[in-house]
Every structure is written in structure tokens, then in C-alpha cells.
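In the part that follows, the structures are each spelled out as C-alpha cells.
One chain, subunit A, appears in both complexes that follow, with subunit B as partner in the first and subunit C in the second.
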Partner chain A sequence: MRLHLVSPDVLPSLSSVLEAWWKLALDAELWRSAGASLYRGAAGLALAVVAGGALGIAMAWWRPVNALASPLVEALYPMPKSALIPVTVLWLGFGDGSKILLIFLGCMLPVTLGAFNGARSSDQALVWSARSMGASRLAVLRDVVLPSALPELLNGIRTAIALSFILLVSSELIVARSGLGYLIGFLGEGGVYDAMFAVVLTVAFLGFFADRLYLLLYNRVLRWRE
Partner chain B sequence: MIEVEAVSHTYRTPDGREIPALERVSLQVREREFIALLGPSGCGKSTLLYLVGGFLPVGAGAIRIDGAPVAGPGPDRGIVFQHFALFPWKTVRGNVLYGLEKLGLPRPERERRAQEYIDLVGLSGFEASYPSQLSGGMKQRAALARTLAIDPSTLLMDEPFGALDAQTRSLMQSELLAIWQRSPKTVIFVTHDVQEAVYLAQRVVVMSARPGRVKAVVETSFDRADPHLFKSPAFVEKVDEIWGLVRDEALKAQAGRA
Partner chain C sequence: MTWLAPWLPIAALAIAWEAFARSGAVTPFMLPALSVVAERIGADAASGELWSNLGATLYRSFAGFFIAAAAGIPLGVLVARNRFARWLLDPVISAGFPMPKIAFLPIITLWLGFHDVSKITMVVLDAIFPVVTAAIAATAAIERELLWSARNFGASERDLLREVVLPAASPQIFTGLQVALPIALIVDIVAEMKMGGVGLGGAMITASRFADSPGVFAGIVEIALAGYVLVRLMALLRRRMLLWHPEALAPATV
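== the complex of A and B ==
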């Protein structure tokens, strides 16, 4: 069924999109692009999770760290991270580095805030219980504060995953020589709309799949909750 | 022996006001004695418990355990909280094992002792359950097992049965007594339930309304094996006597808030 809201030239039918996808799938180009994009996304996210998680927990645990970092975090949080695209390109060029840096910077804050809020809400009685059983302060950080922070931290990471797809595709659309975002732009400019939509569909599917996979992991890690 | 000597403690509210919680409290608890701290809410009885536990710094006065000043929490003083404070991400077994790991016991010994105490509190079969899957009474049994397993010489109990329904509470009271009679420990038991205090403790320390002071120390030794104890005139009289002391303070506390 077609509503003819836009011209059929720029909104190809699903069957032609699927056909184009099949052709692209037989060609190595789609997989090479997907590989490049996933590498950038995964690397940026991994850095963001490690650095953001550590910063958030440190802010909750040591007052001076919080005093130093929290004004910065609050000021940067609402900034649209896509504004950093030209900056990261200026610093690191057109390759993987600028995308990884962008995703790292853009995804770090939700993780930081999740870790911070989670760690700060750790129950005093749990901390005291651990201390009374002989846990050192450092052991309390690992055994009580970190697991207490986990639910909120994992929520922050989920936000970060969604953000990473946005940043990845938009940065590749604007300045890149590879990746799914680049492929979308390239096919669009060439007027090969059915193939362009096939790549858009691929990105959408990857995003959906990543989120589902993450939820599976999330429920497994937090299975102790009601 | 636990000696509390002229201990005062002041709380600072977030807006900077100072609220005196305890004022020159002195108290001696003998080895293997079961005492109850009783008083209206806000009288500082829990604060006193936390000070003995080493969770709060002793500002004015001194607290000594067998002659040594308290310098922080330690496995010689186990604590049980009203809301259980179980690690929600650990199973019952994981919770009980935690303190044993911190003691550095070899694995077979840890496993053996964890099972022994899980059996003792009647949680056999629930070793692999998470706290969220247990009832309130079972959670408190698990918390008790976790604390008893590290064999502290002193047991600090902060209204441990306050969150339980009446039936579970009375069951837990007699089980706690049975455990204490089998392996006596020094117990400091915070409660605002007069009957509970008189039933469990050998001495009841009645505290005054804020700032908390020791108002009276009452000897309460009864034959706890007597099934009709709660109806015996001597028991009823003792509860009534102590209830009179507490009521005065509760009224004062209420007037102070109004």
C-alpha cells in the first residue's frame, strides 16, 4: 500500500529495498562498512564505560573529586555532542580515531552520572555491615559500592549505547571514507535510493539488535533483583 | 566487658544545626550479658549502639572493650540491623560466606561453617535464594546467620525484629534466646518494645528523651523457659514498671517535638 506522500523515486518500495540489500550483502562493501562502524562504536563505548564508570564512582566516593568534576559534568551534559564532530576531526583526522574520540566523549557522561547516582545511593547499613565483618575501606568500594551502583550504571550504559549509534552515523555521514554512515551518504548522493534505504535499514536493525542483546545481559547481571 | 564512660554525641543536620543525641551516658556491660537499650524514638539508643560498633567516632567520653578504646568497626562486634542489610546481589550462602572470606578461613572451613549457621537459623534449602526472594523473617534469619558465623564476642542488635510481624517476631525472640543460651555472647539489643526488652534481657537500660541519658537500669531476670511467663504477675509487673518509665519519656519527646 502506498500513500504517495513523497515521490516513489525517493521512497522506494520495501521489495526493491530488500532486493538492493541482498545485492549489497553479496558484495563485501556492506560488511566492510559495518565492520568499520562497529569497531569505532565498540572502541568508543568501551573507553566511555571504563572512564565514565571510574569517574562516577570516584566522584561518589571522594568528596574532592566530586567538587572538581561535578561542575564540569553538569555544564557539559546538556551540550549536543554532535557539535564536537568538527573538533575531533581537526584533532585526529578523517579516520577511526576521530570517531572513537567523539563516541568516547559523547557517551562518557551518561555512564558517569549513572555510576555516580548509583554509588551515592549505596545503603549505609550495607557499608557498615561489610566493615563490621572486617572489610577494609577499599574492599567496601569493590564489594558494596560497586555492586550497589550497578543497576544505575547499567541504565547509563544503555543510554550510552543508543547515543553511540547516533554519533557514529552522523560523524560518518559528515566526514569519513568508510563506515555505514559514509555508505548512506555516498549512495544517497549517487541517487541509488533503494540501496541507501537498505543501509539505513541495516543501521536500524543493528541498533535494535544491540539494545536487545544488552537487555539480555542486563537482566542476567541483575537477576538478584525482584 | 564493655565500658561506656560519659559519652556525649552531637548530630549535625544538613543545614548546620547541632542536635545533641547523647549526653554523658555511662554504662557497663559484663561479659556474656544480655542488655536491652530501651527508649522513645530519637533518644539516641541506636546512636549509642553505632558508637560501640565503631561506625561513628567517639567525640566526648570514652568507650572501651576489654580495656581497649574502640577505634573502628571490627569482627569482634557483629551487628544486625532492623532492615537486615543483606547484600541483595548475593545469595543466602554468599552473604554468610562474606564475613568468613574476610576472616581468611580456608575454603572447606568456610563452606562448613556457612552451612552450619544456615542450618542453625533454619534456612536449610534456601542457600541459593536471593534476599529479594525471602520473607522478612527469613531475611533476618539470614542476617543473623551471617553475623553469628564470624563468631563475634559481642552482638549489636538494632531493633532487629522491629520490621517483622508479631508472630514472626515472637518466634525470632525465642530462637535468639535459645541461640544465646547455647553459646552466650555479650548482647546489646536496641528496642522500643518494653515486653521484648523485659523478656530477652537480663538488664534493661531505660533512656531518657533527647538528648539521651541513662534514666534507669532495671534488673529483669526471669525463667524464660516458663511457657506462661508472659502472664506471670512478676513479669507483668516488671513490664508495667518499665513501661511507666518509658511513657514519661515518650510524652516528653512528643512535647519537645510539638
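== the complex of A and C ==
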């Protein structure tokens, strides 16, 4: 980089990127954007986990729910959710609401499928013995089905986390007035490339870090398995 | 009539959409009736606009997908079979996979401009990871006994690769390709939305800017259909290509 083989605009040197990052961090602009982005991501993801998990387990537990919902899930699962970006903007405008809705819609189905596959594969013998020992249906759901669904459910959530970052950044790049994706686009259009690289690397690192953190949590939660 | 059953909830969804949009509970701007959207798609198809957009999107998605497959499969096999390649590339792959690569879009635009090359590059960047990781896992999972007995019969490294490794790894590699193709489509559409230009995503974002809501919803339906057809085609291709594999005998689930 230092040899000036390429123009510093095209590939700023690492030192100038770090310097730009430091300046952004002191400026609080970076933190405000990261806060806005993380709020949207966390809210959408939380809604997706609750609704998606509940739907998946309901599909595995009650046959009519499955008959009704599984063709819809199957048809909507391969649909590229980023296509919904313009619609969520049409419905909820440029602010937080449209991003949260998009992340919720995009992240729900992987969680649903994980919960469904996990709950469906719970050992039938365990369910029967719990029932014969007098456990109510609700107790079986809580103490047998839910724990055995957990590994696949948690895998579904991992996919959802990766998706949430993609949806977050793409929606903020395309239409937003705050957030890390917006900041990247804004700096790029202003020609402040070293700062743009700094924010891009921050986002990439956040995505990587979130996945690693989740893996740690995942291994802790599933420690009871052999 | 049983083949109709899975379509009933989808038909119900379509009817509910139409009824809800016509009920007056929402403005036509928020949710145009399905019939209006269908009419719009018909008009786009008649004027040829739909086909040029669809063609541009599919061209870029497939170009990126094939590059990702052509580079990703050998790379994955190499990483799984060569210690040096593993040492060199494993950290890159495990760090790069969970990263939201779409954040690099402005950088790629800066380097390669606004045209096809930068969009295809974005597609490759995103679609290559599932292919590489699937190829690594598939190659690493091959039974040692297979490799040993082939070597015992005097197979060279080349024969081994062609006659044992690739066939044994192909089901799982194909799974990686099945994951990668929808990703290729999505990434291209998002890139079009950001950069504009011809394509389904580009047309949709233009419609959105002009508050042309039937255009936006037509885009969604078109993209959903394109995605659905691609996923089905890959499942079909899988069953045909892996006909010799015991997996093909199992009832298809995809």
C-alpha cells in the first residue's frame, strides 16, 4: 500500500484506515450509528426468535397447524427476503420500523424450521413414557419436546443472526438516515474512503464477533448433552 | 386431488390478499390488490421489460454462481486434502463466512464501477463460502477405507481424485451449491437496489422511488417466483445427477 502502486483513494493504507476509525470513534458518530443498527437488529431478531420458535413448535405439536402452515413456510422460505426492502419502506417509512420488520420477516423462517425439525425429531418413546407417568401435555411440551428441540432451534437462530446482519446492512445501505450501513454509503458518496473502509471493517468484525459470541453461548447452553 | 392439497393454503393466501386489499382497510398504495399486481406483471411481460430485467438479473446471478462453483469446489477439496492449503486458508474461510459481505458493496463499487463486473464480483464473494465449506466437509468425510483400497489397487492421485473423491463428495457439494444459488440471486438483487440499473432489483427500487406501489409488489412476486423456480430446478437437477447415489432412492424432501 505504501509503495503507491494504487491510488490511496482506491485502497487506503491500513494506518490511515485505523486513524479514520479512531477519529470516528472519538466523534461519537460511530457509536450513534452502531447503536441504531444494533437496536434494529436486536429488536427484529428477538421478535423473529419468539414468533418463529413458537410457530415451529406449534407445527410439530399440532397436526392442523402443520397442515396449514407448512405449505406457506415451504413456499416463502426460498423467497429472497431482501426483495421486501422497498415494501417495508412503503409501509413503515425510512426509520427503525421498516428495518425491524424486514429483519423479523427475514429471520423468522430459519428459526421456525429449526424449531420444527428439532421438535419433530424428539424421541417418541420419551414423549410416551412422560405421558404414561402422568405428565400433562403442556408439561411434556416444556420438559421433553422443548429440550430435545433446542440444538436444532439454536442452529436456526445462528442462521438467523447471520441473516440479520445481511438484511440490516443492505436495508441501511439502500434506504436509511442512520445506522452503520447508512454511514458506509454516506462516507462513500462523500469520497471519504479511509473512513468508509473503517466502517466496513467494523461491520464485518461485528458480524464475525456476534457469531463467535453466539457459538460460546451455544456450547454453554448445550453442555448437558453428551 | 391430493396433489392439490399443498396449494390450498397458498390459494387461500392469494384470496386473503385480494380480499384484504379490496376491503378498504388499507389504501391501494399500501397494498395494491393481487389482480392489479398481476395485471402489472402481464403488462411488463407484454412490453418486454420483464424479460430484459429478468434476463439481466439471471445472467449476473448465474455468472457469479458458476464462478463461485468453479473456484469453490477445487478450493474446498484442496483445503481438505492439503495441509499447507488448510493452514493458509482455514482462518480466512472461518472468519469470512459469518461476515456480512454485503458491507463490502461500496468498496467493490469503488474498485470496479457500477456495471456488471462489480455486481458479479459481489455475487462470487458471497456465494463462494457455502460452496467451499460444503466441499471441505464433504471431502473430509470420505471414508478412509475407500481411499486406501483405491490406492492399494494402484490408483494415482489423479485417478483417486476423479474416481473416488469427487463422486463420494458430490452429494454434500451439491447441497452447498443448492445453498449458494439463492444467495447469488439475493446478492445480485441487493446490489441492483443499491447501484440501480437494469434488473429485477433495479426496477423495484425505481418503482419505490416513484411511489409506484403496484410496481414494487410486482417486483416482489417476480423475484419470489424466480427464487422458487431456481430452488425447484436445483432439487430436480440433484435427483437426476445423483441418480446413482443411494440418497436418490430415499423419498425426496426438498
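Throughout what follows, the second predicted complex is superposed on the first by the 218 of 226 C-alpha atoms of A that agree within 3 Å, B and C clash if a C-alpha of one lies under 4 Å from a C-alpha of the other, contacts with A are read in each partner's own complex, and residues count from 1 in each chain.
Definition applied: a residue touches a chain if its C-beta (ideal position, glycine included) is under 8 Å from a C-beta of that chain, and two chains touch if they have at least 3 such contacts.
This is a predicted model, so every value here is computed, not measured.
J.: Could you look at A:L150 and tell me whether it touches subunit B, subunit C, both or neither (first, second, both, neither)?
T.: Touch status of A:L150: first partner only.
J.: After superposition on the shared chain, which partner residues are touched by A:S170: those of subunit B (first), subunit C (second), both, or neither?
T.: second
J.: I'd like to know which partner A:W62 touches here: subunit B for first, subunit C for second, both or neither.
T.: A:W62 contacts neither subunit B nor subunit C.
J.: Go through the superposed model and pick first if A:P78 touches only subunit B, second if only subunit C, both, or neither.
T.: second
J.: In the overlaid three-chain picture, which partner chain does A:F197 touch, first (subunit B) or second (subunit C), both, or neither?
T.: It touches subunit C, and subunit B stays clear.
J.: More residues of subunit A are touched by which chain, subunit B or subunit C?
T.: Touched residues of subunit A are more numerous for C.
J.: In the overlay, answer first, second, both or neither for which of subunit B and subunit C A:V89 touches.
T.: The second partner, subunit C, only.
J.: Look at A:F208 in the shared chain and tell me whether it touches subunit B only, subunit C only, both, or neither; answer first, second, both or neither.
T.: Only subunit C; A:F208 stays clear of subunit B.
J.: Just checking: does A:M133 make contact with subunit B only, subunit C only, both, or neither of them? Give me first, second, both or neither.
T.: In the superposition, A:M133 touches subunit B alone.
J.: Would you mind writing out the residues of subunit A in touch with subunit C in their complex?
T.: Residues in contact with subunit C: 9-10, 68-69, 71-72, 74-76, 78-87, 89-91, 162, 165-166, 168-170, 173-175, 180-181, 184-185, 188, 193, 196-197, 200, 203-205, 207-208, 210-212.
J.: How about subunit C: which of its residues touch subunit A in the complex?
T.: 6-10, 13, 29-30, 95, 98-107, 109-111, 182, 185-186, 189-190, 193-194, 201, 204-205, 207-208, 211, 213, 216-217, 219-220, 223-224, 227-228, 230-231
J.: Looking at the complex, which residues from subunit B come into contact with subunit A?
T.: Of all residues in subunit B, those touching subunit A are 50, 53-55, 72-75, 77-79, 81, 83, 85, 87-90, 98-99, 102-103, 130-133, 146, 150.
J.: Of all residues in subunit A, which touch subunit B in the complex?
T.: 123, 125-126, 128-135, 139, 143-144, 147, 150, 223-226
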